[in-house]
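Shared between the two complexes below is subunit A, which pairs with subunit B and subunit C, respectively.
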Partner chain A sequence: MPDDIKQTIIEYIKKEYLDEDSTDEVTENTQLITSGIVDSFSMVSLKMFLEKKFNIKIPDEKATPEAFDSVNNIIKLLKEFTQEV
Partner chain B sequence: MVYSDKAKSYFGETLNQIQSQGLFKEERFICSPQAASIDVEYPQGAPQKKVLNFCANNYLGLSSHPEVVQAAREGLDTRGYGLSSVRFICGTQDIHRTLEQKLSEFLGTEDTILFASCMDANAGVFDVVLDKEDAMIADRLVHASIVDGMRLCKAQLFNYKHSNMAHLEEKLRESQECRFRLIITDGVFSMDGDIAKLDEICNLAEKYDAMVLVDDSHSTGFMGKHGRGTHEHCGVLGRIDLITTTLGKALGGASGGCVSGRKELVELCRQRARPYLFSNTIPPVIVAAAIKVIELISKTTDRRDKLEANTLYFRKEMTQRGFDIREGVHPIAPIMLYNAKLAQDMARDLYAEGIYVIGFAFPVVPQGQARIRVQLSAAHEREDIDKAIAAFTKIGQKYNILGKKKDEIIKLYGL
Partner chain C sequence: MSNIGLYDDKYKNFEWNDSAKELELHENEAKNIGYLCSDRICEKGFGQKLALIWEGFKGEVRRYTYDDIRLHSNAFAHYFTGLGLKPGDRICLFMDKIPELYISFLGVLKMGGIVQPLFSAFGEEALLTRIDDAKTSAILTTKKHAGKVRRILDKLPELKHIIIVDAEGELPGKNEKTYSMEKAPKVEHVDIYPVEPETPSVLHYTSGTTGKPKGALHVHSSIIAQYITAKWVLDLMLDDIYWCTADPGWVTGTSYGIIGPWSNGVTQAVYDIGFSTEKWYAFIERNRVTVWYSAPTAIRLLMKEGVEAVNKYDLSSLRHLISVGEPLNAEAVIWSEKAFGKPFHDSYWQTETGSIVITNFPGLKIKAGSMGKAFPGITATVVNQSTFEPITETGMVGLIALKPGWPSMFRTYWHNKEVYENKFKKGWYLCGDRASIDNEGYFWFVGRDDDVINTAGHLVGPFEIESALLEHQAVAESAAVGKPDPINMEVVKAFVALKPGFSPSSDLELDIINFIRKKLSPLAMPQEIEFVPSLPKTRSGKIMRRLLRAKEWGQEIGDTSTLEDE
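Our next item is the complex of A and B:
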């Protein structure tokens, strides 16, 4: 799987959810929801970003906190909907 | 029987999980009216203990004010106990309309509609005002009731980093295609006591042709020179399209809330907001008392002035004692402790000292930002505040956190 997709998602998460002065590192394994970086309410913008980026529609029942809890989990979810990853 | 063993064990296990995660909320029984000093039975069965209350939303000290209680009695005598009806069948009395008009005058809006609570107001308003071709652009730290209200609405949801105006502007650009856009924020955020940048928000709203909704539950009655709320504090009276707020905090503290703002939007709520249409009307006792509250705070700003003085005094003294307090001017004064157990332990020890405060930790506040949230009131006298400061200092010394900043406290206790 292309690493640049992972990197694109990581960059989006950093830009969208971390404060400008944050020193937090985000990797493909970083817990996003559990750690509170992305709260369940803000998850919606991440879902919208992915849908736009990959031109897919993720049904609400699939957009669970578990499925969004790390970049690796997100990639797993994306694979259900697109060949691009 | 339909409550099977399987169901019983499933729900029992859920409760156990809540307990093991440290999220189980225990209620303490207060055996006196709400006030600066209250009698509490805690834990259940323990003898009553007199404590100073520093965790109520009783900002103006009106919850048990004699004139408010008297007005409630008169409401009971002249308009009865209940109405056994929703508003649009036979649940609207003359005093309901009076209260709505008085709230509009006080808030400086065109019209107001009462709800059973501000939770209900927030649950109803978005779905009425917006549809799927519209956008809701919300601050990420808005109150849970707004989050729930937005979930009930078909409009597209955008959210911006807390109080980050550049990010809000980005979202306004991203949502340019939508028909109507509503910027949504709390006036004062309940965990940090910080104030929304309503002047900048209104400027952006005008630039991008968006409406603005503010939940002013932690402001109405005392923020701003006349206590009208955050919109007065920020100098944007008349520029907020929708205000939702509560009667359950500074305004007597019983219950009830409202949506106040542009008259067409308020009227639409009256026609279509489901929590309004399908909830019972607010009881006359509360309506009559709330009218008195508005009268009292319209006549003089003494109470909000005293609250402001109490807040400044407490914040200044606690900072001098070496506590790490979120800066600000609001009577919510978060004493930052970062570690969840430390916050719980200190709150417990303070209770033993006769000071009733609560420790808050994740998920109520972000991970690693546990704190004790102190709430000042106009009901507090200087000696009450001095007692609280002395108790905090004693307990702060015990845990060796005085004069220590975030990194040092984390070094001592971890996150």
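Our next item is the complex of A and C:
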């Protein structure tokens, strides 16, 4: 999996979901949902971003809190729908 | 045998004074909630009993006895007084679900302050609106959320103290100071502010159809209702381990996440974590949770993972399950019986009522999908929406109405008496919800009577969303309505007409969605935007949300004779 895709997702999460003053780091293993960085409502906007970025459609039943709980999990999910990652 | 015993007997014979007596209050006497939830429990010999078991999402664990929360809340009260804060000052708590939030709540009350809890996911605009309205003097927060406060501080001249509870050393911002609960000296004795029954205690903000969010003001005697409802509806007993999943930024998290369990001397467990089926079940197993108060949205998410996920854990400690926030669908009740061997009991109340008013009681037959029956001491009915007279016909839908006078009822909307008075018609308090009553006295929820959106059990006001939408550079006009959602009951959908020079696109949709999420909160964030050339309006220019909402719900549009384009 190209690192730049992982980095794109991490950068998007930092820009959109962390406070602009935050010094917190986000890595591919950071817990996103359980830590509250992305809550279950905000998952909708993250899903929308991924769908746009990778030109895919993620079915709602696949968009679970567990599937979105880390960048690594997200990458795993994306692999089901696109060759790009 | 449950605490309430026989419902019919209790409903016939109960008086609120019976609950006051259990709290050792004389008639028309009040004691500080801070005292009743900590010192009183210690005086009864439970000082070394655990009051709080807290776990963080990284696996950290902190435990506090009743004596710990007494001493720490004394220290908070002492600290606030030392800052020059006075009884009646509004002190905002703006934190995730950390122990400091729960314990400082008692500290504010002990020094006579009014607690203003705010949901930590609120964005700057939502925070500004509520702090500005309350003219808040101090805010307790954490490093994670302090940036939002810093960015609005210049607009809040009354906000003199920003207290960061997890920082040390020099702080960058104006008016900022640090306070470490763990490091501050414990205070054995503090002069607890002597309260009257009507002394203000908690100011919770809630949304309406029109105008900005309103602060529902509660008083110290509210504990008389919160104590007894926690005992009879949540069925809390001394050996219970109780878990309330609600955030104290909302009323459930204070009435039943702090006051209810601690006034009953019960051990409560708190998990500061987002939703996770596996981790939630593991938390119940690890802490041997016996009573669980959660919400339909969470239950429906658990249902998605099925009974298989339940079976991986030993959840045999659970003995009583209750739900709140939005109507609990019959499927969820039936599923919980299958999954946990016991049903979730739906409970109905709202910010303004301060405590549970209609509910399914332990020991009373549950009709799956019903709200249950009125709590003893509460006179509840449904009234005709034009005449406001009680409806006597079984099954006929009307407005849920309560006879004023129960102890935890809000006393006013902060500086908004007119809107407060408007909630009362012909001697009834109107909840703003529609329901029917069946031939056995069970209430059945039908829906809201206004345009307020109930998403995952939280009320979101369309006006606040529409105002924020107009601040986006591309938005000319907008309407926010609730659309059906299988998990959250409703989610926000916005209809947006764009300014000249902007065209609909998925990029713009995502940009607008994120704009609202950051400005207000994830709850207020539209989960869908429909771009429209213009919005339906009355001839006087008022946007007809009703039509848009009806379309989303597949309902009859009704009378459109006042439409602009007709």
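Definition applied: the second predicted complex is superposed on the first by the 85 of 85 C-alpha atoms of A that agree within 3 Å, B and C clash if a C-alpha of one lies under 4 Å from a C-alpha of the other, contacts with A are read in each partner's own complex, and residues count from 1 in each chain.
Criterion: a residue touches a chain if its C-beta (ideal position, glycine included) is under 8 Å from a C-beta of that chain, and two chains touch if they have at least 3 such contacts.
What you are looking at is a predicted structure, and each value in this text was computed from that prediction instead of being measured.
Touch criterion met: A:Phe49 reaches subunit C, while subunit B stays clear of it.
Looking at the shared chain after the overlay, A:Glu11 reaches neither subunit B nor subunit C. Judged by the touch definition given at the top, the superposed model places A:Asp21 against subunit C, while subunit B stays out of reach. Measured by the number of subunit A residues touched, the leading partner among subunit B and subunit C is C. With both structures placed on the common chain, the touch criterion links A:Ser35 to subunit B and to subunit C. In the superposed pair of complexes, A:Asp69 makes contact with subunit C only, with no contact to subunit B.
Shared contact residues of subunit A with subunit B and subunit C: 16, 19, 35-36, 39, 41-42, 44-45, 48.
Taken together, the subunit B residues at the contact with subunit A in this complex read 140, 147, 156-159, 161, 362-363, 366-367. By the touch criterion stated above, subunit A contacts subunit C in their complex at residues 16, 19-22, 24, 31, 33-36, 38-42, 44-45, 48-49, 52, 61, 64-66, 69. Taken together, the subunit C residues at the contact with subunit A in this complex read 57-58, 96, 121, 144-148, 150, 272-279, 301, 304, 455-456, 488, 491, 506-507, 509-510, 513-514, 517-518, 522-523, 525, 527. By the touch criterion given at the top, residues 16-17, 19, 35-36, 39, 41-42, 44-45, 48 of subunit A touch subunit B in their complex.
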